[in-house]
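Pasting the structures in now, so scroll down.
Shared between the two complexes below is chain A, which has chain B as its partner in the first and chain C in the second.
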Partner chain A sequence: MSTPASVTWQKNPALAWREIDDETVIISPNDSVMHELNDTGSFLWKNIDGKKSAAELAELLAENYQVTPDMALSDTQALLEEMSSRKLVVTVAATGAVSP
Partner chain B sequence: MTMTPSPVATPVMDRLISRTVQKHRPLSVHFDLTYRCNERCVHCYLDHDDHGELTTAECLKVLDDLARSGTLFLTFSGGEIFLRPDLYEILAAARRLHFDISLKSNALLVTAGRAAKLREFGVRRVQISVYSDIPAIHDAITKVPGSLERTLAAIPILLEHKLQVKLACPLMRENLTAYRGVMALAEKLGVPYILDLTITPMMDGSSGPLEHRASVSALLPVLRDPVLNACRPQPTAQASSAISASPSTFGSAVSSGIESAAYEDLPCSAGHNSCYISPYGDVFPCVQLPQAAGNLRQEKFEDIWYHAPQLERLRSIRESQLPICSQCEIRSYCERCPGLALMEGGDMLGAYERACALAEEKARLAGVDDPVSALHLKQAAASVQAATEGEFASIAADSSSD
Partner chain C sequence: MNAPLATSGRGLQQQFELSIGCVPLRLQISDSQLLGAASRRYAAFTDVHEHPIAIALNDAALPEREPTDFGCEFEGAVLRAFSSGIRFDGVKNQYALDSLLRIFLSWKLLEYQGFLLHAATVIRNGKAYIFTGRSGAGKSTVATLSPQGSVLTDEISLLRREQAVWRAYGTPFWGEFKAAGSNSSAPVAGIFRLLQAAENRVVPIRPMAILRTLLPNVLFFSAEAEANRQLLEIISRAATELDGYNLSFRKNATFWEVLPA
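Moving on to the complex of A and B:
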């Protein structure tokens, strides 16, 4: 079951990451696994700030890229869920569950 | 919208290296915070006096500049970094800027409290110099009695705090037979290790440390050791990752540590996507290539990185165009370093004796018949020519006297 679109998200504070030429590389320090985000993924990553929900992030995505609101929300939620499963992002309410 | 996960040694790192090399982004930076040290290793290439280290504020400004320029992998080293009283302040800033942080240390000053701080500030890995598992050998190199015991005591502390540890063992005359012990130690601890055959001149070019360098003939038993697999040709298609957790055997303790097929025809990463910053703010392509491209007290990092003539020249070098080495038939056995070519042979583009002699031995041990480097072929040809000219001159002199 997907996380409700109204829930706010934040980056896992333990991560190392850098945006280089519109693509973002993220490293999980515990397992040294690297993750790579393309330009739209990087756009969302930049905007994940602990204050915005999936719906708000999708709105920004739709404004900046030529995608429909429905598609933007679907893609945003899918990416957030995937990043959450890899402990790259957490919902703000669940922040305490992430260990650095 | 895609997201690509990458379990360590993977295409993600290769793509990252390719992109950063093509666009000259400083992906990996080695930043020495101090040259002061609490050991006096016999082979060290540094002057340990403080000639005016960057202040805390200056260090933090450098970190801001590096983050803005695209640096991800940041290695703090020295000297001994724990001698910087503002180390935690610098690490905290690096953490806020989301660098992937590694340290190099002798670990003499590691305590549980300090290890906890390193973990808190997001340090991922600590590389520790261990010269032998035998205290008398290690301590004779560091010139600090009891140093091996203290260093080894620190490793479990770091591991308990979930920091990755890697042992680095430069091999020299004093510890040439000690590597098996260091390998066993690493295995016992469950950590990777790196053996390094590179002993360099001092950064000012003086040759003192080279007295401790093992001769090529003395290295033969090491090169022959099947456990090390040291005589295999250099990889051309396979990539390894800077964040690989698997044990690595040989390498340079002072390089960026990132190897990849993405470097293709480049001598190394220096100046392409990596550089070195001294405690005084000098920017070098690499710590082994001590040609300062600029100083961060006078110029912004971006201005040095993108516009310094020294770096532009370095970026133009292609191995396939090197005047001697490009013709060499045993290139795949060679670990030529442009910095050492400059320091030992006087020409960054040139061949130098040590690399050629090592490549020949490695090729011979790998089964190549009578391997001769291009440098030695050239020297032999010049010698024959000189002898022939001498003979002609002698005949001409004889003829004229007739």
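Moving on to the complex of A and C:
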């Protein structure tokens, strides 16, 4: 089930991450799993701040990479869903509460 | 200062001081058998430093109600780090003590900009060559093929950043050599990811690839987010400041010919 484009996202606060060479490594301490993001994934990761929705993130992606707005939104939503399934990001409800 | 010392009324407690990677430790042990085993096991690592970190072994009298900064259990033996002191409980033998020491060091080294790495380290021309890779990649083979006396460790290397220089230390932790590593250190020449091949070849790799090489081989046992952030920062720093290479090597000593001086 896809998340509405208006919902805002934030990084899971339990993670450790680091950017090197335009790529990002994320460590999940609970299970010692390492995740990697490529340059566009890293770009989105940097901009996930608890205030931006998928639509706003996609807009930034389209502005900075040569992709159409539709493609940017589709890619952004797909990445957010994927990261959400791995518990790397969580949605922020209108109240500001974080939900998995 | 490894002389026995009576320190409490609960029975004769003795202490043994050692230093691993210049992290000074004082083991306080009542069990004379365990003390004897530790004294023999860490005999090469008995440098004396000021202000050693005291570790009480199997001492039921220390306060337990304060929260732990770090805790870990290994096969029934329990490590607890309180702000008032460090406790190892349920330590029945040298094997358990060795395991808790590794776990404790992996956490304590965060303060020293350091970490433990599954890697063989060999000294050549005064520099430390770090060979790492998955299990079976050839760490012990590299150590076996290196000149006698040049191997700092064939199993667990300790890396620390000191005054902007990364140094590698030997540790007493056993690998296939079944012998303690050497209690010495040297500045790091490079990180070499071992790949067995028909030909010897060395290829420089970028910091991200070095990070990818290091992370799965780092010993770390804390699931706490902040500790993991500190660790990742230290490893990332090593990955960006140290030279790293993929080393394809044949299982003989000729691989040294392709290594950078």
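FYI, the second predicted complex is superposed on the first by the 93 of 100 C-alpha atoms of A that agree within 3 Å, B and C clash if a C-alpha of one lies under 4 Å from a C-alpha of the other, contacts with A are read in each partner's own complex, and residues count from 1 in each chain.
Heads up, the rule we're going with is that contacts are C-beta pairs under 8 Å (C-beta built on N, C-alpha and C of every residue); 3 or more make two chains touch, one makes a residue touch a chain.
Small disclaimer: the values here were computed from a predicted structure and weren't measured.
**Student:** Quick one: on chain A, after the overlay, do chain B and chain C clash, or do they fit? Just give me the call.
**Tutor:** Aligned on chain A, chain B and chain C clash with each other.
**Student:** A:V25 contacts which: chain B (first), chain C (second), both, neither?
**Tutor:** Both partners, chain B and chain C.
**Student:** Under the stated touch criterion, which partner chain does A:A16 make contact with: chain B (first), chain C (second), both, or neither?
**Tutor:** It touches chain B and chain C both.
**Student:** Give one of first, second, both or neither to describe whether A:D49 is in contact with chain B, with chain C, with both, or with none.
**Tutor:** A:D49 sits against neither chain B nor chain C.
**Student:** Between chain B (first) and chain C (second), which, if any, makes contact with A:M34: first, second, both or neither?
**Tutor:** Touch partners of A:M34: chain B and chain C.
**Student:** For the three-chain arrangement built by superposition, which of chain B and chain C touches the greater number of chain A residues?
**Tutor:** B
**Student:** Could you look at A:E82 and tell me whether it touches chain B, chain C, both or neither (first, second, both, neither)?
**Tutor:** The answer is first: A:E82 touches chain B but not chain C.
**Student:** Go through the superposed model and pick first if A:E63 touches only chain B, second if only chain C, both, or neither.
**Tutor:** In the superposition, A:E63 touches no partner, neither chain B nor chain C.
**Student:** Pick out the shared contact residues on chain A: the ones touching chain B in one complex and chain C in the other.
**Tutor:** 14-18, 20-21, 23, 25, 27, 29-30, 32, 34, 36
**Student:** Give every residue of chain B touching chain A within the complex, in rising order.
**Tutor:** Those residues of chain B that touch chain A are 1-8, 10, 12-13, 15-16, 19-20, 23, 25, 27, 67, 70-72, 98-101, 119-120, 122, 124, 162, 164, 241, 243-245.
**Student:** Using the touch rule from the top, collect the residues of chain A that touch chain B in their complex.
**Tutor:** Those in contact with chain B are residues 14-21, 23, 25, 27, 29-30, 32-38, 40-41, 44, 75, 78-79, 82-83, 86, 100.
**Student:** Under the stated contact criterion, what part of chain A meets chain C in this complex?
**Tutor:** Touching chain C: residues 13-18, 20-21, 23, 25, 27, 29-30, 32, 34, 36 of chain A.
**Student:** Contact residues on chain C for chain A in the complex?
**Tutor:** My answer: residues 206-208, 211-212, 215-216, 220, 222-225, 227-229, 231-233, 236, 239-240.
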